[in-house]
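Quick one: structure below, then a few questions.
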Amino acid sequence: MAEPTAGTSLTRAAEGLIAIVLVLLLAFIPLVASTYLIRILTGIFLFVALASAWNLIGGYAGYADFGPTAFLGIGAYTTGILMTQAHMPFPLALAAGGLCAMGAAAGIGAVLLRLRGHYFAIASLGFMLVMEQVAANLEITGGGSGMNLPVARGFTPFYYWMLTLALAAIGTGALVPRLRAGYALGAIRGNQEAAQVVGVRPLPYKVLAYVGSALFFALAGGVYAYWFTFIDPPTVFDPDFGIQAIVMVLFGGAGTVLGPAGGAIVLKSLDILLTNTSGLLHNVFFGGLICVLVLFAPRGLVELLRAGRRHLPDRRRLQRSGAG
Amino acid sequence: MMLLEARSVTKLFGSLRAVDAVDLTLAAGEVVGLIGPNGAGKSTLVNLISGLERPTSGTLVFAGHPLQGEGPAARARQGIARTFQVPQSFGTMRVRQNVAVAALFRGQPAASVPLALREADEVLEFVGLTAKADAVAETLTTPDLRRLELAKALALRPRLLLLDEVMAGLTPAEVDGLIAVVRDVGARGVGVLVIEHVLRAVMGLCGRIVVLHHGQKIADGARAEVVANPAVIQAYLGVPYGAAA
Amino acid sequence: MRPLLQVDCVDAGYGGVQVLWEVSLEIRAGEIVALIGANSAGKSTLLRVLSGLLRAWRGGVMFAGHTITTASPEAIVQAGLMHVPQGRRLFPALSVRHNLLLGAYTRRDHRAVADDLAQMLRWFPDLADRLTLPAGQLSGGEQQMLALARGLMARPQLLLIDEPSLGLAPLVVRSLMDVLERLRTRGVSVLLVEQDVGLALAHASRAYVLEAGRVALSGSAPALLADPRVRAAYLGLAA
């Protein structure tokens, strides 16, 4: 979670300009592109949002959440129920879904985040499985048969919903390291005891990261639900959402700002290409990728790129642990 | 009023008496040495004072208030700072940011992140780490990691500073440099407890020395007396201080 | 008499950064040689080259008549060269006894291993008291003693030991130096890397001073103790 290397104000301005141009381009795409391309991009934006969100708890806080999809499902179902039962307009229902997930995350996080790494990973997975069962056994959710949402008019709004979510998630990821809370998370991730002895109480900040991740998963779930019109427990509590998000973050670089988004874009695009070629290849691909990552690039793409640039002999690198 | 008072503090790990009915006092501005053989209970005592462990019996009183249930974070905010024997940095953050964490979470925190970073730079200069301020903490050598530990503790603006073997592995010149830093800190009214094996540092810094052995206090007094104490020589020094190696 | 260890003009480093330049030294049987120098001078790096953990870029290393420049660390241990690294590197979940036995992992002479274990417990009585405890529960100094004892379980002909006095009480340091002296009288050689230069020169017969990756000075211990440069830079004594 290192601060971005101090660049000149010119570099910062240039980066800002590029970002704005990119966003404007993306905003204009639905006016010129095919329906097919628009849907693909929407799918990519979904995973950019999920990956950047997971980075908050998995990257910045260093706690591997294996059940983030629990909140995607909570968001999906809350949105669906409020739209069908309470006839709420979509934006309101979506916001309510987000709030609901935040509350659930705060409650369950306050308990689970007291656990250390591996135990938390298993427990979070367990939570997701429990939520799936809850959804499958309630009447209000339609039980195992699932539920139908009102049909939306036109697809294009979903493109913009997902794009906004993706940008908001990236923006959050960019903002957090600069905030006091971000410093707390970096310290906790480094060494929790050392963080405590300089005054950081770990639990509130871990919960904050968890709640942040949950919010974006839930909002993504709500949009997803309205987009696909029909949801059922296996679909919105599908662990695959979480697994893909995790792999994308690891591939791009956990704890970096743009790594997760970059990982999502690259991997989702490859995924789509491969699915069109062969369904089997898709499964082999992600499994194989995890192996390659662990062996050759455990810190992800961002670190590989940084290391590549640094391979010039440098006096300062003598200070690396090992010399002397 | 004493800054720190330990009254008959005992810590048991199962049947092991790691700390055995230890009495200790430390006044503001005093630099006291804590020496003793390995496994004597020195680090355990520091863990008890800093809140990472709870005493089995006995009381610890800090600035007049008994320390009871407060965890390590609360004690840090009250002004108790400590270093770790094996330095624990926030590896993924830069050195300057490591120090800024302490400035942001102490009892009277820096008002903003930029202010905390600026303060961090001042502290880094004080301990001699300015050249490494932008380095990512996990790339530091061990001596620099020790300086970073000290910097983080100082950025907490502590009233009580517990130094756990900060001098290990330093050249005599580096030891002298760090002695000057710690003396400066003591002169500002901070109480310092120095756990050390590097006798050059203990004798250079500490007017008073406390000696632990098997968890018990076996000596507590002026440095010249303590190092001449036959029990201390037998248990810890081997030969009188200053005699040929 | 051919030296036990001969290091010839070794260059080495990490990634793109060179740390050692043309380092040459030799160690004969039954002597204690000190390697001193400031932090980041390259001392630990040189030990890693000798024990096979790091490959030299140029130059050669010969041990007991064999070239070991490109040998694997396991082969080097079997040849009789043991490295006790800085930072202990014990197996924290395993008992003291288990750690010690693992030091003798490459040996086949099981009865002699049992004898050596008993020997270690006599030389290090604190370890005997804690034989069944997990190594992670020992104090810092006790762990250091265990690391040395484990190294000795391999019955090395040459022991490379990195900063043994770090974090140890003076009394313990003395008994440690006694152990090294006992080894020397049995014909075992020691390359002692030490930050405490006074300590190192008091127990070694010869020493090399490493500065910024090069051998800056070498000679007998008494000569170096008297050398004004050494006194000023490393002993903290006014020139």
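Letters A, B and C mark the chains as written, and numbering starts fresh at 1 in each.
Heads up, the rule we're going with is that a residue touches a chain if its C-beta (ideal position, glycine included) is under 8 Å from a C-beta of that chain, and two chains touch if they have at least 3 such contacts.
Because the structure is a prediction, the values reported are computed rather than measured.
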{"item": "Chain separated most widely from chain C, comparing mean CA positions", "value": "A"}
{"item": "Chain nearest the overall C-alpha centroid of the shown protein atoms", "value": "B"}
{"item": "Between chain C and chain B, distance of the C-alpha-averaged centres to the nearest whole Å", "value": "30"}
{"item": "For chain A paired with chain C, centre-to-centre distance based on mean C-alpha positions, whole Å", "value": "49"}
{"item": "Inter-centroid spacing, chain B versus chain A (mean Cα positions, whole Å)", "value": "41"}
{"item": "Residue list for chain A, restricted to those that touch at least two other chains", "value": "319-320, 323-324"}
{"item": "Where chain C touches two or more other chains at once, by residue number", "value": "38-40"}
{"item": "Per-residue multi-chain contacts in chain B, two or more chains", "value": "141-142"}
{"item": "Residues of chain B that touch chain A when the two form their complex", "value": "50-52, 71-74, 76-77, 81-82, 84, 88-94, 97-98, 100-102, 104-107, 109, 113, 116, 132, 134-142, 144, 152-153, 155-156"}
{"item": "Footprint of chain C on chain B - complex, ascending", "value": "35-40, 43, 85-86, 141-143, 165, 168-173, 175-176, 197, 199-200, 235-239, 244-245"}
{"item": "Residue ranges of chain C touching chain B (in the complex, touch as defined)", "value": "38-40, 126, 138-142, 144, 163, 166-172, 174, 177, 195, 198-199, 202-203, 233-236"}
{"item": "Contact set on chain A toward chain B in their complex", "value": "1-3, 5-6, 178-180, 183-184, 186-187, 189-191, 193-202, 255, 316, 319-321, 323-324"}
